[in-house]
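Consider the two complexes below, in which chain A is the common component and chain B and chain C are the respective partners.
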Partner chain A sequence: MATLYRKTLNWMDERFGAGSVEEFLRHKTVPVTRHILWYYLGGMTLFLFIIQVLTGILLLLYYRPTPNDAFESVQFVMTQVRFGWLIRSVHSWSANLMIFTAFLHMFSVYFLKAYRKPRELTWISGMLLFFIVLGFGFSGYLLPWNTLAFFATKVGTEMAGSVPGIGKWLLVFLRGGQEVTGATLTRFFGFHIAVLPGLATLLLAIHLFLVQKLGMSVPPSVERAVAEGRTSLRNMPFFPNFLLRDMIGWYAALGVLGGLAAIFPWELGTKADAFAAAPAGIRPEWYFLFTFQTLKYLPARILFLEGEFAGILGFSVGAVVWVMVPFLDRRIGFGRLTRVFTGLGVFVIGYIIVLSALALR
Partner chain B sequence: MNLLLGSGVAASIISFIYPALRYIIPPPVAESASNFVAAAKVGELKNNNGKIFRFGSEPALLVRLADGSYRAFSAVCTHLSCTVQYRSDLREIWCACHNGLYNLEGRNVSGPPPRPLARYEVHIQGDDVVVTRAA
Partner chain C sequence: MKKSIIFVALLFLSLRAAVAAPPKDTCIACHAALGGDLAKPASQFEVDVHHQAGLRCADCHGGDPSDDSMNAMSHAKGFRGAPKKNQIPEFCARCHADATYMHRFNPQMRVDQLSEYLTSVHGKRLKQGDTRVAACVDCHGVHNILAVSDTRAPVYPTNVASTCARCHADAAHMKGFNIPTDQFALYEKSVHAQTLAGGDTSAPTCSTCHGNHGATPPGVGSVANVCGTCHVMNEQLFDKSPHQAAFAKMGLPGCVQCHSNHEIVRPTDAWVGTGPQSACTTCHTPGDKGYGAAQAMLADLTHLDSSLTRAAEVLNVAERAGMEVSGPKVELAGAQEDLVKARVDVHTFDAAAVRKLTDSGVEIAAKSYQAGVAALRERDYRRKGLGLALIAIVLAISGLYLKIRQMESGDSIGHRGDVERKAREV
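So, the complex of A and B:
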């Protein structure tokens, strides 16, 4: 096996200088600190994204994106196609786990202050990827054309319609008309399988290039300890040491995915009816629960603004501040922690958890 | 020369982008011109009950009050456009999405809805309960 690997590498090296890739990988190192567990989350999110691409391609073999056929085609996959239930359930579970690990990755990077100079663009490209991941979740949710998805899309696109200036245009662009109809389904299908994957691939390439180029960030507390001579910084080769550990995590994730899909197959619900009332207990996917609950609490009017508009404005401003944190947290320097921004992160996590829990009551 | 060349390139790029931008916005679809619809048969709805029906391209709500009279409203919540329903236990109109409540005049009385529901006129014509949009 080792000989075959060496022979293949030599063959490629003669033609493309592939040995330099191996050399590059061997020189790349990962800092070994007590925070190392958090360093696996980016790779885990990427692994789950690959699972999404593979299971998504399999679902495409049967899925039909029209209001008359979408629900029935997913039902066909779930009940008639061999292992269709498994493929669809893995796709749904993996989507949710991917969003969960993306959340964890984002917050771990935030609290370890890995966004500080020179990694500002790594943070921004990561945040854009995070928004794309949420876009995948939102667009994919509608595709089975069930009642919950129909109303979630109605509410979500209506919120987009409240954006000042471009709201009306954005609403028609997203829905393919004034209402959520078959045109919306076709558009969301296009976003889900073409537009978002294209953007995600481009951003992922930029993100990974930056991670490779700049290396992995050392947390400020460790940096300070090293500077004060209290400890020395140990490193682990990325290839093969860190990658092999990564792969153990991915293998475990596969087991978890298979287990979840087998024990809790993803439900399909009832077919969407544009002329039925929104069912009681309706709520969006867990990652949008905090926005949903906030909108529930807001009164009809806040000062001179409609409550819904004020809420959306608040979330938009919050998102911009969050993305721009590397440029706002200017006092973060060598080994220094800035308490205001750590406090902001704790507040955001607390807000998301509390409001989501209230929505689930 | 540079200005001329630059303007030419910019104009050509705009001429490529403009059709694409126009393309992604769909043409307006003519709405149903009908200002009335038979929403239900007389006797179909029990007292203190409601029914969603199709009025043009939008859902609408017909309510039969406890005294047997009818009222009709747009069923599109003024908050975020979910479809509302009649709650016979509350004797009010309720939106399940964000817990908005309207009274039987269509006025928003609780929760996030910012405006009342549009109200329609109801007439009995033969066997039909006919709902009419105010002119």
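So, the complex of A and C:
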């Protein structure tokens, strides 16, 4: 087996220098600190993304993106296609877990200050990937064309319609008209399986390249301790030591996904009816709840602005500040923590949790 | 010059005030100041639908509302005063029977209230001089009349029964009329009252069956027509059934014979059959054809009902387990419709016709039940599969863990080594 591996590698090395990849992997290390658990979240998010791609391709074999057929095709997958229920449930559960691990990954990077020089672009590419992941969730939610998805998309696109400056244009662009119709479904399908995967692949390539090029960041506290000679920086080879640990996590994730799919299959609900009254308590997916709840609390007018417009403006400014943190958090340097930005992170987490909990009441 | 300017300005202001001010209404001003019962019309009229439509006291009562003196209420100025009880219908009808006038306010407004009223028991007795009966104001109010569509109006559907009951449930008031006074108490127990109280304003109240302005008790022969205005199928089936002629011959009042009149409670399947709650055994006795038909219909209805319950239970369990059973549930709803139709078809009193529907429903219910059982079997299959998959995953994780342990035993690289040392080895 080892000989076959060596022969294959040599064959590829002679043709396009594959040996350099092996050489790179042999030297790649991961810092061993008490924060090492957080380093697995990027790999976990990537693993779940791969699951999404694979199950998504399988769903495409049966899915039909029209208002007349979408619901029925998903129903067919769930009831008639062998293991269709598993593929669809894993796709839905994995999507939510991926967004959850993406949140965790983002906040772990934020609090470990891994965005600081020279990893500003890694942070920005990661944040753009995060927005794309949210876009995947938003566009994919509508595709089964059920009642909840239909009305949640109405609410969601209305929120998008309040984006400062481009809101009205964005609403029509997303919906393919003034209302959520079959045109919206076709567009969301296009975004979900072509536009977003294309962008995600490009950004993922950039993000992974930067991670490999720059290596794993060492948290400022550890950096300071090493500089002061209180400890020495320990490293672990990425291949195979760290990768094998990654794989343990991926297997565990597979087990969790299988359990969720078998015990709590993702429900399909009832087919969307544009003329039906919106069900009571309609709300978007959990990752948009905090924005939804915030907009509910805002008064009709704030100073000279419409309340919803002001809210979306606030979130837009907040998102820009969050993305630009590596350039704003200028005092972060060698082993120095900037409490303001740590406090901001704690506030954002607290805000998201509290507002989401209030929306679920 | 200065005086001329002041004069012109004052003239302009007074003209403007004259144009902007509402027309003078001394009726309201004087009556409000009188206090007591005489002030009531003035205070109540504010909410009255006539006031909302722009009418004033003088439009009904006559007189001159621009006159501050008592001459405002002189016959010379057209004052008609308050009508006597027996004059009220015609008093209101001066406008309400005038299509040209009424259509100024609402083109769809009815103008036949007086002619209908005169056909009613109330109208006939009032004509005979009996002032105890209801006239317009007894139901609609006097100076605080609200639109029928106003939920506070005494004639709004949910308030009609209690409005009628003000007189008809008052034993003292009804003394001498020789009609019962328990209609309201009985109606309140009925499925109609419960449906109406539940917010369905299309559910019947007193006026739905008896009429409103032409209120009259339906005679024995017309009861089925009254019920049939809503329960169309039941009436048609009954009319074609052998019971129609038999009831007519015996002078029995159709629907009411089994369902009662005011206390119309929700029927159950036990009303057919031959059990203690059976309506059939009132006339039919063991051995006759109707008795056998009643037994057969009850058996078929019960069979379908229990089949539906059994199928719904298993489908609900499967649905709670997350299984996709919306298809069988839709089919089961079709079988539920068969049960509803079969219950209506009971009015044919033909056991074969009822069985045709119940058989169809039972067949669908059986299929739905099997679909539910299959879904539960699938659930168990998935859980077994999950168990096996989890065992494989745990084994794989254990293998990886052991591999890591083996790799890092005696080698400090995994935890304490540094990259330079590794590089030297390479």
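Observations
Following the convention adopted for this analysis, the second predicted complex is superposed on the first by the 361 of 361 C-alpha atoms of A that agree within 3 Å, B and C clash if a C-alpha of one lies under 4 Å from a C-alpha of the other, contacts with A are read in each partner's own complex, and residues count from 1 in each chain.
In this text, a residue touches a chain if its C-beta (ideal position, glycine included) is under 8 Å from a C-beta of that chain, and two chains touch if they have at least 3 such contacts.
Quick caveat: nothing in here was measured; it's all calculated off a predicted structure.
After overlaying the two complexes on the shared chain, residue contacts for A:Q75 are found with chain C alone; chain B is out of touch.
Looking at the shared chain after the overlay, A:F264 reaches chain C, while chain B stays out of its contact range.
With both structures placed on the common chain, the touch criterion links A:L254 to chain C but leaves chain B unconnected.
With both structures placed on the common chain, the touch criterion links A:V155 to chain B but leaves chain C unconnected. Contacts of A:K296 after superposition: chain B is touched, whereas chain C is not reached.
By the document's definition of touching, of the two partners only chain C reaches A:W85; chain B does not. After overlaying the two complexes on the shared chain, residue contacts for A:R26 are found with chain C alone; chain B is out of touch. Look at A:N241: by the touch rule set out above, it reaches chain C but stays clear of chain B.
Comparing the two interfaces of chain A, the one with chain B and the one with chain C have no residue in common. Contacts from chain A toward chain C in the complex involve residues 26-27, 29, 32, 75, 78-79, 85-86, 232-237, 240-241, 244-245, 247-248, 251-252, 254-255, 258-259, 262-265, 267-268, 270.
Chain A contributes residues 151, 154-155, 158-159, 169, 172-173, 176-179, 183, 274-282, 292, 295-296, 298-301, 306-308 to its touches with chain B in the complex.
By the touch rule above, chain C contacts chain A in their complex via residues 322-324, 326-327, 382-383, 385-386, 389-390, 393-394, 396-397, 400-401, 403-404, 407-408, 413-419, 422-423, 426. Residue ranges of chain B in contact with chain A, taken from their complex: 24-26, 29, 52-54, 57-59, 75, 79-85, 95-99, 108, 111-114.
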